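Listed after this line are the structures, all set down as structure tokens.
You will see two complexes here that share chain A, one where it goes with chain B and one where it goes with chain C.
For the complex of A and B:
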């Protein structure tokens, strides 16, 4: 992948030009489906876009010093990282990629979470600090499963290149890994029952409590881009290999919407769990599941 | 699994909320907006003291007083009406508040937009006959007031 291709992927497709409207669309699908399942009308189609524009037009409280600078920097880093992660997704067949881009994708997917942790502590709000602490604990808990699932898929198929993974036929091992990834997505996207870091009723959105205006708009955008990147990763691994580019893109988006709907249903059907229950869930139940996947993948690799 | 059944029913069972500007029916206990009758008001300001929402303001002047009511701030608790010994204040409807379909609480876009003020001349207690006619109250709502002394 040369520089021009990389820039085109980052800025046009599947990067910013595609990812930002897609982020708003997924945020709307999530909010609308949750509303319908709760018997409400829900927001109009353009609401996430209007929210973004409205927030951009507001003023932020003046913050001086390094703390203020950092608070302004975290949402921008989060947006850049999430947009970069989306840019790496192999939506179209033969659209580029490089050896080991899956590792970079995982790193970029993790950056927004780290920015949220840092932002909560930078805000010096007690609610922000509690939210950040929860995010840190949750991140450690689900990331073990998340990374093990990715490693098991990559080890089973002998590659860390996303495009190669998308092109290879799906094996039972990959489906096990995809299932493990799906279990981690609610925690990664702060959805019920794992919406602990941004618990609105308890800690007033935690790390976001001190944010307003364009900075909050950037956080919202980063969250939407995380939706696109995380669901896109699962769609990449779950979608069958199709040579027709338009059909491949259609199937890709269809799987992403299906995942958004499934996660929204889960979020509507469940209440927020306590932090100890959440951590126990990931460490006890899912860790076993992921270790099983890795050992099976390694066993298969030894056999082959 | 019961929760999934509930979600499925909600999904196909229609909405309980409405989109703006459609408005839900008011509840049976809704008392309606306060109506002010300047003819009966004596300017005792009991209503102002009973109004915990500070929707009613009262300013005493020389020989007259100004009574104002902001429906945007009113909680429709009815305490002002209860405390009015002269019955100068009434709830929106004689029988049961306002009609349930047509009169939900008003919409406003700026604080104080719905406020109406009435300047009323004080009634002096003169021993001579017909004091009421001599000091007849003169309501003076703002120019854009839809219905002076009535329900807004």
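For the complex of A and C:
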């Protein structure tokens, strides 16, 4: 990958110029589809954009000292990490050099969640701390499955390079891994039934409770970018390899929208689960499933 | 007015986030406020979102006749909502203390303690009147910007064509 392609990827497609409108679009699709499923009309198309602009125009509470500085920094770190993760997705073909690493993508995807945990604790609000503790417990529970799914895919296809993974034909093992990733997505994106950390009625939005104005706008944006990055990762693994770049991009976006719709349906059809039920779900049900995926992937590797 | 300010005004008018606070209400108005977000009335078409934290909200919706215990909480929450902000008094209680007038447990009406922008009278008001009040408050918010609240009183009434 030369410098121009790298910059084009990071800034245009699938980077910032695509990712920020896509983030707003996905937030709108989520709200609108939930509204339609509840028999409502729902918010207008530009709603997430209006929310973002309005939040930029609000004042923020005075913050002092290192704690205040950290509180201002967390949303910015979360946004840059999520934007970096989106930039790594191999939609456009590159010519040699750095091909996008799955491990780097995972680390960048995990950073916003870490920032949310840190933000809740640095806000010193009791609701923020409860939300952060919930997020930490949830993150440990789903990440085991998430990482095992990634490892099983990488082991079955003998590579951690995103571009090679996208180019290789999908095997049954990869579909099993993609399914495991899909099971983790509602928890990663804080959707019902796993919306514990940001429960708006019980703990007043959890870690976000003390955030206002532009800082809250950054959190909303990072949440939208997480949507793009997480659904983009699944789309990369699930999409068939197409040499025509515009068709590949179209199929990529189509799969992403389909995943967003599926997740919104799940969110509107379910209610929030308690923390122990959620953790039990991930540890008992899906751990078995992921262990099965890894062991069969290793078995396939030994056989070949 | 430059383009950025126009966009900001438009966004403020189309994205009112509410924080609901009960100052000793009988729950009649609280139910009606929640009813305005249900499929029948669907206030989300106007961009309305009921927020969990007063820090996130633009409009503070207060119900109830303001009891002695609620006064300090109202002042705290009003300060926690960051500017530009507006206040809606939902129901007859926060506007006049209603049938509880002269009660020794009350310290109302609401405008004794914080500036109120929109009154939505009724016991309880209909959800369409509450939605109209929110829309008026959002307009006030857009026009005011970061300036301090004015003393002009706005009363939102149930639109004539839907009155029972």
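Throughout what follows, the second predicted complex is superposed on the first by the 293 of 304 C-alpha atoms of A that agree within 3 Å, B and C clash if a C-alpha of one lies under 4 Å from a C-alpha of the other, contacts with A are read in each partner's own complex, and residues count from 1 in each chain.
Going forward, contacts are C-beta pairs under 8 Å (C-beta built on N, C-alpha and C of every residue); 3 or more make two chains touch, one makes a residue touch a chain.
These numbers were taken from a predicted model, which means no experiment stands behind them.
S.K.: Is the arrangement of chain B and chain C around the shared chain A a clash or a fit after superposition?
M.R.: By the criteria stated at the top, chain C and chain B clash after superposition.
S.K.: Considering only the touch criterion stated at the top, classify A:31 as touching first (chain B), second (chain C), both, or neither.
M.R.: Second partner only.
S.K.: Please work out whether A:58 is in contact with chain B alone, chain C alone, both, or neither, and reply first, second, both or neither.
M.R.: Touch partner of A:58: chain C, not chain B.
S.K.: According to the stated criteria, A:269 is in contact with first (chain B), second (chain C), both, or neither; which is it?
M.R.: first
S.K.: Quick check on the superposed pair: does A:43 touch chain B, chain C, both, or neither? Answer first, second, both or neither.
M.R.: Touch partner of A:43: chain C, not chain B.
S.K.: More residues of chain A are touched by which chain, chain B or chain C?
M.R.: C
S.K.: Does the superposition put A:70 against chain B (first), chain C (second), both, or neither?
M.R.: A:70 contacts neither chain B nor chain C.
S.K.: Is A:210 contacted by the first partner chain B, the second partner chain C, both or neither?
M.R.: second
S.K.: Kindly classify A:300 by the partners it touches after superposition: chain B alone (first), chain C alone (second), both, or neither?
M.R.: After superposition on chain A, A:300 lies in contact with neither partner.
S.K.: Would you mind listing the overlap between the chain B footprint and the chain C footprint on chain A?
M.R.: 38-41
S.K.: Applying the document's contact rule, which stretches of chain C touch chain A when the two form their complex?
M.R.: Against chain A, chain C makes touches at 7-8, 10-12, 14-15, 17, 39, 42, 44-45, 47, 49, 51-53, 55-56, 58, 82-84, 146.
S.K.: Sort out for me which residues of chain A touch chain B in the complex.
M.R.: 36-41, 265, 268-270
S.K.: With touch defined as at the start, can you tell me which chain A residues reach chain C in the complex?
M.R.: Touching chain C: residues 31, 35, 38-44, 46-47, 49-51, 53-54, 56-61, 127, 199-201, 203-205, 208-213, 216 of chain A.
S.K.: For chain B, which residues count as touching chain A in their complex?
M.R.: Against chain A, chain B makes touches at 3-4, 7, 10-11, 13-19.
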